[in-house]
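Following this line, the structures themselves.
Each of the next two complexes has chain A plus one other chain: chain B in the first, chain C in the second.
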Partner chain A sequence: MNKNIQLIQINFIRLVLTLAIIFFVLTLFGTSPISIFDSIIYGSMGSYSKFIRTLIVWAPISLASVALIYTFSAGMWNIGIEGQIIMGAVGATFVARSFFGDTIISPYVQILFALGFGGFWGLICGVLKVKGNVHEIFSGLGLDFVASGIVIYLIIGPWKREGIASTSGTDVFDKASWIPTIGQNEFPLLLILIIFVLYIFSFFIFKYTSFGLRLKATGVNEDAAERFYFSSGKYILLSFFIAGAIAGLAGFSQASGAYHKLVPSISGGFGFLSILIVLICSRNIFFTLIISFLFSALIVGGSQLQIKLGLDHSLIGIIQALFVLSWLILEKLKLEKILLSKIIRSNE
Partner chain B sequence: MLFENTIVTVISLSTPLIIAVIGETISEKSGVINLSAEGTIMISALSGFAFGYITDFAIIGFLAGMLTGSIIAAFISYCDIKLRMDQIAVGFVLTILCIDLSNYLGQDYVRINGPMVTKFAIPFISKIPILGNVFFNHSLITYFSILLIPISWFFLNKTNLGLSIRASGENPLAASSRGINVKKMRMFGTIIGGALLGLAGASFSLYTKYGWSESHTANYGWIILAIVIFGGWNPFRAAAGAYGFGLLQVLAIKAQTVTLALSQILPLLPFPIMIFILIFIQYINRSERNKFPKFLISILGGNQPEALGRKLPEDVK
Partner chain C sequence: MKIEIKNISKKFGNLVANSEINISINNGIHALLGENGAGKSTLVKIISGQIAPDNGEILLDGEKLILGTPIESINSGVGLLNQDPLDFGNLSVLETFLIGIKDANPYRNLKQTKENILRIFQKYKINIDFSQKTKNLSIGERQQVELLRLLYNGAKLIILDEPTSAFSLEQKKMMFETLRSLTKEGIIIIFVSHKLDEIIELCDTATILKSGSVIHSISKPFDSQDIIEKMFEDTSSKIKSDKTFTNENNFTILVSGKDFLGRNTEDIEHRFSYGSVIGIAGLQGSSNDSYIKNFFTNEFSKTKLVLDSKIKIPKKTYYYMPSDRIEKGLFRDLNVLEHFGLFKSSETRFLNWNKIKNISSKKIKKFNIRANFSNEVSELSGGNQQRLMLSLMPENQSILLLEQPTRGLDFNSAENIWEMILSRKSKDIAIFFSSTDIDEIWEYSDIVISVSGKSIVNINYKKELTKDKVINYVSGIV
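Our next item is the complex of A and B:
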């Protein structure tokens, strides 16, 4: 049998099983899964303006997810992604508050700064790993909180609103610093372009370049890398820098596209959510694009659950985490393969 | 008087932190990073409070919290050992799942009153001036947390079981060839650690941070991961770190009246400290040991379990 077809079949069976588990748990909670998903689909894609809102949430999540593919390929756990998103937002805010803030080039300068700030924050993690042999989970976690400390300090201190020192955020940016949109419904064309360019670029990097291949080799076995005469350390550093820079763009999207100001929880937990997404996509670029969109739709649609069904929005987080957990376990149990071979045998 | 009160507050504020930090230390000593700490603590805080509320016995709440923590740890252990999954991935997903699960299931318990742990002054010795009030006039769970420090040190360093757990976390293959059932030890360490994390959660909601509200124990789980490293995987130093963090919290509350920024940023201090400690540990390990003064090593050094966070080798029985 064709290997690709079998792969699709296995993934399909796994998807059905995973959804069955989620339906079961939701029923256990005394809720109606059908009406929940109905309300989510309507709430996220029921109208053009809702679809735009989903895109605004999707932008940072898809960016952070593709960023994580680089570090996961190098075998690194980039838990510091939240901090990298936050620092990207700080970079963008820095530009928006500078003399560039009311000029038309502001968003483009912001992109550069977001890339730089995020990349720098990612690089710290990489340097600690390569030079200091510090486990990237601990340094990443630490840097996440340091970044959120910096943001809180900036919001209460130097960047506080006129007269008020509160944790509600900075002043709203000048309109010129907002991410440019198109039409009455504010379609975020620039963001969507950035996402597609990055996804296509990453696809080629991993499929056709020796850089991508070496990155993956580093992830599989650091010693193997040395045997092929390239330094795995260099590739780990690069993966963290690239991931940080792309995550910085996610922060730019949050600050200048979603909030139009800097707020304490600017990352919205999207970095951690992206880790969940990449865990189930096993570094497949195409899957990442789709799953990140579905998860974003869940978030946007889920914000309506309270009004429509009187259910708490935390249900969405449960659905997402349960999906990932069931998927990962089913992947290990290899139930689908057994099921598939049974089905084939019964057909013969 | 002010000083005395501060110490009393620090000791009772640190109660859950001490328990959690020691739990995580035991787990990491066996080679397993229980990354679900943040989620485990939060959902055990809920289950502890909920069961305490339903039965009106705080003790049932504590037991429920422990049970919750050990179930989660057992699950991680199963995925780690039987399914050979990445323990970090499982722990991470469970954190996210447990946080949202506790917020969803806890809706009916927000800001209500349940059983409360009262102070229990130890007869006679609590009458000693100053010292008596500072150390012997606390709740039972606080006494337990203080006793846990030497007990866990003794357990890890002087008992066969504790040494076997440590051996499994340092070098699974060598431990296995010495006849230690590494899988069992690893599972045991993880579950004990998880039970303590759960107990810590329950002592938040039943004592230190009484009650339940959305994301009731937010960030404490991440902080204890930092404190474990600050403690260099040694119960005494970890406990010192937990008390230090308790002091930071008290200072942050006091600083609130002076500057808002300081009170928000002080509680984040453990994280940069954690990074510096890690750099220092690795630096010491790679350079000549006697290059550094001994006291510096004992304050800042530490023995990171060699197999921490790694999968067991295939041929470990």
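Our next item is the complex of A and C:
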């Protein structure tokens, strides 16, 4: 328990230091950090509808992040996460365009297909790794490109809009295929429920099951696994399948929640962003939940910068990058530990 | 050369690693003795500049050595020979040399540099082909190259940190000769070792450390019994292998394939009774470890075990313990409790941490593991890591495959480990262990398998062998 409190304290100090670095650099750019953060907060949470928009961005990022916790635990760099998101979106679109498309069960069938498509795409990486000894970064990157290629083929080929050949996307789904929402502002209850269930479920998996512990052990030392009577290969495969399936859900959220159609860059780079988030959070499930929300707020609120301050949207990219880099450097320096021990000592 | 170590103290958190250490060495070979955790490594690291002490100073020929920077130590003439060679396996011997020598730009006058290097090789009568890759040399040869590199750089104080653990008898002899000739040139040697016989044979003076402090300074002639008594508080008498133990059940070792002369032989069967301790002897670099692992993986040879009952032995009956504890045996970043959880994970889907805590605290006590649940295994000492691996042995009847179970451990820890292993004799089908230490093989085995190179040369009951015979077998003399 004591250790957990210390962990939270350390991360809090680190967060403050990171923000200080970001403030400093923004000041160097000749901008006012306060007004930038003010407009980001206003843009992402200034009103209920803005908050909903943030949630819609948060959904795929948080899903992809929790997916990555599985592969990272098994010691795997799942660069293929983008492709897995894309294939999940393809699976969802496939259902939305089928005879299920205008029925009330469409979103639920989409979920199943997104899980399956994404899981399958992840599994390819796993099989190549375990059976073919192909490094997961290479196969993942390759499969990302293949997945993008498939989407473009589908959009200008079989799933093209009536009479137009354009890469702007497929026809908008029937309303019945959209992710169910409640209220006038379209709160995506189903999506939020899925996220929270997955996070709690994953927390349970890693804390209280043999499966979770073995997954973690596989990531630390594949060689020793055999001595404890389990095969690391099996756990690598499972981690890729689970990660792919959950990433598929992120794709479903993008297709049926955000765009309501299939577009070429459906993953929006959220997969890569999630890799950074999970790295920052050192695979801690609750930190991941929080940090992924912060990043989503940054993305949504960033669109306000141009309107309110006349600053380019790319500033958000700089803030994100600064955040990740400062965080990781601070982590390596272990500055917070020293600070914390100083604080504790001075209190005594 | 003269080295004076004055009042060196070093603390890691609450742990006192070195406390007020004073040692003065004028010449010759000086031994640094002490059980695991006595503070030898810390002292060595301080002298070689890898860590800075909290207090104290070191004088070399009366001049103060700037502590805490390896470069300063090297420039002042301190050379450290590590336990495992720290060189570049993929480079040639010459390249390794060129990287690690003092000359500002050795490539500028390559011919001259080469000659200089050659001269030092000849001086110490070491014949090694310069152009071959370092990784193709034996560990002993690599250590010799390292030693020469230190000498080339003008080392006047050489520290050897358990250098002989990987040496063959022949190499050891050569190394000792070289070391003695060095002392004649006025070079001081600090020799860190667990092996008393080596120290008695080689060293002139010795310091015994215990819990971070100097407890005795002694000089030749040494009395081994006296040293042991000083190093350890309780010197309980050695446990002997229980020879009276009998069991009616038998198992068979089926050796197949080529024999040691490369001829195809028929399968040879050896029958032994349950509960036998089988030592697989071999020199460093022989395949005795591979035979241990082979019973678990069947990768190396077709030699296998067959029970009299002809029941296929399930995988879970085997418990394999690799010698490379942290690289192959345990999970570096997982804590002690998680290891016990992992051990339980083959029986259950859900982990009841309270139950696991109960079992683990019993095991931690029983196996005398000095660690908390939350300690990551990389924080444990070698002896504690080994005891942790032993504590993870299955409770039921097993076949233990122990690869060098006491490698790198001091006498006390090693005996402690053996006590735990031998207490399982009445329970287990067989206890296999490998070792390069013939004394250990002789001490604890009921049956000795002698391995020379890649082949099994001999399998026999200890009572029908002599120690010299085993030494001959493993040396390839039949």
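Keep this in mind: the second predicted complex is superposed on the first by the 335 of 348 C-alpha atoms of A that agree within 3 Å, B and C clash if a C-alpha of one lies under 4 Å from a C-alpha of the other, contacts with A are read in each partner's own complex, and residues count from 1 in each chain.
Simple rule for what comes next: a contact is a pair of C-beta atoms (placed from the backbone, for glycine too) under 8 Å apart; a residue touches a chain by one contact, two chains touch by 3 or more.
The structure displayed is predicted, hence computed values, not measured ones.
First (chain B), second (chain C), both or neither: which does A:N221 touch?
Second partner only.
Looking at the overlay, what does A:T27 touch: chain B (first), chain C (second), both, or neither?
Neither partner.
Is A:Q306 touching the first partner chain B, the second partner chain C, both, or neither of them?
Neither partner.
Kindly classify A:Y208 by the partners it touches after superposition: chain B alone (first), chain C alone (second), both, or neither?
second
Return first, second, both or neither, reflecting whether A:L325 touches chain B, chain C, both chains, or no partner chain.
Once the two structures are laid over each other on A, A:L325 reaches chain B alone.
In the superposed model, which partner reaches more residues of chain A, chain B or chain C?
Of chain B and chain C, the partner in contact with more residues of chain A is B.
Considering only the touch criterion stated at the top, classify A:L128 as touching first (chain B), second (chain C), both, or neither.
A:L128 contacts chain B only, not chain C.
Would you sort A:S139 into first (chain B), second (chain C), both or neither based on which partner it touches?
The first partner, chain B, only.
Which partner chains sit in contact with A:N185 here, chain B, chain C, both or neither? Use first/second/both/neither.
neither
So which positions on chain A get touched by both chain B and chain C?
none
What does chain C use to touch chain A in their complex?
296-297, 315-316, 319-322, 327-334, 338, 341-346, 348-351, 353, 374
Across the complex, what residues on chain A touch chain C?
3, 208-211, 213-214, 216-217, 220-221, 223-224, 226-230
Note which residues of chain A are touching chain B in the complex, please.
Residues 29, 77, 79, 128, 132-135, 137-139, 141-146, 148-149, 152-153, 156-157, 165, 167, 272-273, 275-276, 279, 312, 314-318, 320-322, 324-325, 328-329, 332-333.
Can you list the residues on chain B that touch chain A in the complex?
These residues of chain B touch chain A: 33, 35, 79, 83-85, 88-90, 92-94, 96-97, 99-101, 103-104, 107, 219, 222, 225-226, 229, 260-261, 264-265, 268, 271-272, 274-275, 278-279, 282-283, 286, 308-309.
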